[in-house]
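Encoded as structure tokens, the structure appears first; notes follow it.
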Amino acid sequence: MQEIAIEHIVQELANIRESALQQRQRLSQPPKLPSRKALGQCVEWLAAALFPNRLGDPDIQANAINFYVGTTLDKALRELQHQIRLELAFKSPSEPINQFRTQAHNFTAQFSEQLPHIRLQLDTDLEAAYQGDPAADSVDEILVSYPGILALIHYRIAHVLHGLGLTIIARLMTEIAHSQTGIDIHPGAQIGDHFFIDHGTGVVIGETAIIGSHVRLYQAVTLGAKNFPKDANGHLVKKFERHPILEDHVVVYAGATILGRITIGKHSIIGGNVWVTRSVPANSHVTQAHSDAKPIPVAA
Amino acid sequence: MQEIAIEHIVQELANIRESALQQRQRLSQPPKLPSRKALGQCVEWLAAALFPNRLGDPDIQANAINFYVGTTLDKALRELQHQIRLELAFKSPSEPINQFRTQAHNFTAQFSEQLPHIRLQLDTDLEAAYQGDPAADSVDEILVSYPGILALIHYRIAHVLHGLGLTIIARLMTEIAHSQTGIDIHPGAQIGDHFFIDHGTGVVIGETAIIGSHVRLYQAVTLGAKNFPKDANGHLVKKFERHPILEDHVVVYAGATILGRITIGKHSIIGGNVWVTRSVPANSHVTQAHSDAKPIPVAA
Amino acid sequence: MQEIAIEHIVQELANIRESALQQRQRLSQPPKLPSRKALGQCVEWLAAALFPNRLGDPDIQANAINFYVGTTLDKALRELQHQIRLELAFKSPSEPINQFRTQAHNFTAQFSEQLPHIRLQLDTDLEAAYQGDPAADSVDEILVSYPGILALIHYRIAHVLHGLGLTIIARLMTEIAHSQTGIDIHPGAQIGDHFFIDHGTGVVIGETAIIGSHVRLYQAVTLGAKNFPKDANGHLVKKFERHPILEDHVVVYAGATILGRITIGKHSIIGGNVWVTRSVPANSHVTQAHSDAKPIPVAA
Amino acid sequence: MQEIAIEHIVQELANIRESALQQRQRLSQPPKLPSRKALGQCVEWLAAALFPNRLGDPDIQANAINFYVGTTLDKALRELQHQIRLELAFKSPSEPINQFRTQAHNFTAQFSEQLPHIRLQLDTDLEAAYQGDPAADSVDEILVSYPGILALIHYRIAHVLHGLGLTIIARLMTEIAHSQTGIDIHPGAQIGDHFFIDHGTGVVIGETAIIGSHVRLYQAVTLGAKNFPKDANGHLVKKFERHPILEDHVVVYAGATILGRITIGKHSIIGGNVWVTRSVPANSHVTQAHSDAKPIPVAA
Amino acid sequence: MQEIAIEHIVQELANIRESALQQRQRLSQPPKLPSRKALGQCVEWLAAALFPNRLGDPDIQANAINFYVGTTLDKALRELQHQIRLELAFKSPSEPINQFRTQAHNFTAQFSEQLPHIRLQLDTDLEAAYQGDPAADSVDEILVSYPGILALIHYRIAHVLHGLGLTIIARLMTEIAHSQTGIDIHPGAQIGDHFFIDHGTGVVIGETAIIGSHVRLYQAVTLGAKNFPKDANGHLVKKFERHPILEDHVVVYAGATILGRITIGKHSIIGGNVWVTRSVPANSHVTQAHSDAKPIPVAA
Amino acid sequence: MQEIAIEHIVQELANIRESALQQRQRLSQPPKLPSRKALGQCVEWLAAALFPNRLGDPDIQANAINFYVGTTLDKALRELQHQIRLELAFKSPSEPINQFRTQAHNFTAQFSEQLPHIRLQLDTDLEAAYQGDPAADSVDEILVSYPGILALIHYRIAHVLHGLGLTIIARLMTEIAHSQTGIDIHPGAQIGDHFFIDHGTGVVIGETAIIGSHVRLYQAVTLGAKNFPKDANGHLVKKFERHPILEDHVVVYAGATILGRITIGKHSIIGGNVWVTRSVPANSHVTQAHSDAKPIPVAA
């Protein structure tokens, strides 16, 4: 039998790690990143605190509900504060981790003040889903079963954290939702109230997109960048405004692709599978020129 | 350090919950919903009872297999009965929960009688996958690895429950599959035998779609509604027939979008990325007019 | 109350299983398949051994890292060897399982030797993601959060196993990634270094596709087969070369569909939502003829 | 190979169950008992509510502690109420379970009112342990490490439930402590404050024992019944007063056995391994007549 | 800071293991032992199959009970067979493990045939507990709460396995009960029906003890060996008959010690804390000469 | 129905906590204690590192064993270091926790150096068990099944920590073993090599006991303090030498009680149930004067 040379493989992998660190001019013991698993738990707790009966403990008694919300918040915010400290330390690896304690505490406090606002926004999103889907019977069902709502819970929490500069945590949170729903919303995007995504698989909303209120998207809609300019050194230019603006009451049907820093005027409708790279005035209806292909009889 | 004012946030969230309940004219202690997690377990048990060696306990001995099926069914049906009672109570919150016991029992009994039929249908779906995919080596591999089959197991179980009026449970079950596979089949859709979805991510099949037998779909196919009429009060009209009918032996390639209550005649082929909103006679082949764009040399 | 006739259903299901086995001329006790759950654990351990700080134990101390890699490899390779034995036995059910022990050991040894190479390839993929995404801040973040990387870790491991003829294990591994990311890469596909998939939901890469180095794909790109020829008996011909070849430095934007054994020449760019079924010379830019539909004002 | 005849064994076991039910003139589907596992969880939650920092969540923040206590109490009392309903139904199997709902609720309410008193008693027990053990450094350590305290937490909770007539639940709770500590206190025993059991393994305190305040016991002390009178039919007479009374400030050293309804007067000391079956006046010191055996040289 | 020299400690421990193996003239890779954890699970499953409603799944429905018993037996016997193979291989390390497969299968079959008998014996033990304890209210409560019954379930299963020569498995099973109950019964002991151990902590029953039917023991009773003769080489002689025989209807009160191959005649009563090393005729009552020490007033 | 007044109980419990803190003049947020659960895990890891095949991963391959030991040590020592920091902080609550980091690190390093010595000592204990128990077949069985060995693993680890002043951690570790085995060894006791405890339930070894090498104890042996002198304020004097010294080769049979700072000379034998409070010269055999009580015929 052929030998399984574990020692040898371990040594080869160690050599590769070593040279990778040298190449990136990195410390031999790189700082920890925030933990995807811990952040997943954190969002679950925050969602439970926001909607205790539906996303928390359904058996909770009426006179214990505030106790439950308080306990769950306490767990969620402690964990979040710990993860924030890790992100701060990761981004400034040369400074001692303890000095980030106060900063992490303050970020956590600022985030926590936004929770009532996040709940109010999500209530508008639930309302929009109920109004927008002929198959929906009640707001409660939407809350527990619609992937669009799951994605928005993650996004609305992550967006507040992204606004505080906690970009890694924010991204990990929206990627958790991406994995569960197929909906990929960058936490940097700005999204108004009464937002509804139906079905949702394949939706992509880019980092600098701006979406008004009462907007509705269907599956496989992309709000993307048109091109990726490079700087003098041939590197991609990062972080500039490159995604579309959708004004209030815009509807975008399945598979439509909207690219670049263009504006879709309010109350416009973008048809399915349409490709849009130029701005559209308000109250427009954009559809494919020849929306239906001709059927050709199959040869017998 | 800034204070994290948990008591204050708890109180604010309580106020929001209170006013949300008032707005919806709801009871202060809303009835429980069926549990997504419990229903996920339930479908796993039912799948294990249907395919004990492949989706249940692979180490089970031949002379214990019926014991295993019986035990697993018992667990699955007890849990299902409990979830059905919750759905019945949720929909009639003013009646006492105990009167739903008999009704839940009877629904469970009716559902359980359909299990052999569900198994037979899934066997035809497995056969269709084996016949339809050049990459498939055996029916067994398909059962354990193809997302289309996972989605159909959930759908075929959920569809029977939807037919009994248990719409919330049915929807939760298909959403579980949606999250795992990216395939979104509404439990109300009617789907014949020998159905095959390849790859599957992004497939959407709407509530009133009707699909014949021996139909094959590829990834990102939408069988959707064309428009959403509103009633006199400006509310969406719910539950009317608005999705396509696919007759027997239809094939729909990746990314095609078929919208509205139209009929795709039997043995027709709908090409990839095609957009169809009008009925198509039998034996048609629908493709894009100019299927290939022209390549333009990139400027040096 | 209606009876829930468990004994009766168990018997019916047993009858169906019996006749299904007869139909497929199968043994009454079919051989076991490799376990999806065990393989999921196996890939997690391998990923942890490849990237111990980021995908393994973030708290590990510097002087314990090689111990960790060795232990994790040992667990992963033991499990893999067991699963390989199952696949070998499944494919030759009439031979006694013990004779596969040596063969499974040798396959495991051959696979293990490729691990350093796999790590080096993944390092190029990480580099490509960092270079290719304006939103990316560091290689570390990409490793823990990008679905494209998760899919590639599964693919690159599975591809080596596929090359050893372990097709079931390989397929189960890539389906695990498909479920988590919406990216469906067949383990038989050949993919060069510096490969980057952005967003990724809905990407499908077929069994015989060949992808050069420095290639970049966006969400919902299909590299598929154009048609499925049947043999004289009306059965699909299996395993022939039917998917595209993408040469080095090709970029394919979101929603593009490339079908058949065609070649996209190096440095070409395929635009979003484009449908390509003919070969394209090097340095081409393929876009939709009329990329933007006309906006029509909505009637008041 | 010899057959493993599972069907045959199952049938034999079914026959035995059947005849056992007939012998005991029992229903074919006997009522459920309270669950040992659920009650173990219940006591853990109650202990966490009583001592939130030490036996609950040590990381809890000061401003969240009351939330934590409320949530934990809510979970504990809901579970307890469910278990009480099971005990009530078990004891009156012919009545419908729903009528026990109110009764179970009321018992739970009565029990919950005693929780502050239980905490106060346990504080005196902790104080007694600290005063009584030369090896003890702090009250906190005692709370988390002394088996005597673990046994008393279970006993003091169980005793209140025993007083409400919930004898099965009470007994299960003290048996959980018995298993973990080797200390077997019947929940019917009456025990005053400042009670301390050191080491504890093998201590047995019978159903009708009465223990004053400031009493101290060491390991392997038995407070038992002397004999078991039978009634006219030869059956044991149940539930009569048959265990000792220990007045305040009594100390009983390791291995002493005190049997029958006798009284050990206050401030008495019972020496190790002593056997006592007659009452002892206050302020007595009872030791073995010849406490030390003679050493005999071992023959070379 | 002082270095934590993990590599160095690992090397030192490796050296110690190496020299320990050399000293015992052992193979470098010693054969595996049966697993304590797996055997604990195995006994739990067997107990559930023997008493499905009380020790298995209390929610099981009447028409599913035989399915449950069959499934649980199947799991238990498969695991047991695997553990038996390990014990056989451990005891004959030079032979290949596969040849033990048939032998393990046969032992499992022989064991399984004893299960109905084990259930019948345990029914007599339950009856004895009910008759023997004034505090017992029902047989059901005894089954779920009495440590003596838990110990007997483990002992009666282990004793059958011990009789088949599977001494390691048998010992591990009774040690599991010892840890949970403080009752230490060697699986080689022979114990008749209607056996009752009350309280039980500290009971020790030696390897060659023989106990008739209708025997009752209280806590801390030892049925031990009197002395340990050595052979010519100064090693202890192993496995000879060295523990007491208790005939039918004997009662032994708490703390009594009975040592050596002596016989306690039927219907005898051995008092608490008594030390017995000589045989006792039938119908005797053995008590301490001066059972009560004199109380001495404590000096003021 | 009676109200369950959770808010009221929470408030009462808060008041009690408040007044308890005031009484003990304690901080409002008391420092954390080391965690019993974490320390249980820690000892399991250390035991696995000491005996990797038997108490670690039995499936580990020969060429991976040192990797396993290193990884397991790393996990164990990291956790231990964290727990040590908690104990240091608990004992000096007014100092900031970060200053204990270096001290905890150094204690962990000192402890880790003792691990090879601990392994060597435990090897002598295993040898003594094998030599001392006629029922033992192999050293391996003893390691996995004897409670005495489990207790000694915990004690020998805890004793080293106790020697470093880490009394809380040490005590928690031995209490974990106490709960599992009924053997209560204070970590401060000094115990030589080749130590064997048979059966073990009820053994108590006090804080200042000193035990030579080649000593053997049976179940329910107490090595205790004779009396507890009080200081001028009526408080117990703590920590003075108050437990027995057992010289080399002493054997103490079941139930014997040895109290006070006395010396049992080497090669002495203390008989079962004997009570010893005075020193005994070497080579003595101490038994009860009248070891056997007279049997009295039971009246007909």
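As written, the chain order gives the labels A, B, C, D, E and F, with residue 1 at the start of each chain.
FYI, a contact is a pair of C-beta atoms (placed from the backbone, for glycine too) under 8 Å apart; a residue touches a chain by one contact, two chains touch by 3 or more.
Everything quoted here is computed from the prediction, not taken from an experiment.
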Smallest number of touch links from chain A to reach chain E?
-> 2
Graph distance between chain D and chain F, where chains that touch are linked = 1
Upon optimal superposition of chain A on chain B over Cα atoms, what rotation angle is obtained, reported to the nearest 5 degrees?
-> 120
Could the interface between the copies chain C and chain E be described as same, meaning over half of its residue numbers are common to both, or is it different?
-> same
Where chain A and chain D are represented by their mean Cα positions, the distance between them in whole Å = 53
Calculate how many whole Å lie between the centre of chain A and the centre of chain C, each centre taken as the average of the chain's C-alpha atoms.
-> 24
Can you tell me which residues of chain F touch two or more of the remaining chains?
-> 4-7, 10, 59, 61, 64, 66-67, 69-70, 73-74, 182, 201-202, 220, 255, 273, 288
Pairs of chains satisfying the touch condition = A-B, A-C, A-D, A-F, B-C, B-D, B-E, C-E, C-F, D-E, D-F, E-F
Residue numbers on chain C that touch chain A, as the complex places them = 49-50, 52-54, 58-59, 62, 65-66, 69-70, 73-74, 77, 102, 105-106, 108-110, 112-113, 115-116, 119-120, 123, 131-137, 139-141, 144-147, 180-182, 199, 201-202, 218-220, 254-255, 272-273, 288, 290-298
The chain D residues in contact with chain E across the complex are 1-7, 9-14, 16-17, 20, 24, 28-30, 32-33, 35-36, 90, 167-168, 171-172, 175, 178-179, 182, 184, 186, 188, 201-202, 204, 206-207, 220, 222, 224-225, 228, 235-240, 242, 255, 257, 259, 267-269, 271, 273-278, 280-281, 283-289
Name, in rising order, each residue of chain A that touches chain D in their complex.
-> 59-61, 64, 66-75, 78
Chain D - residues contacting chain B, complex = 4, 6-7, 10, 61, 63-64, 67, 98
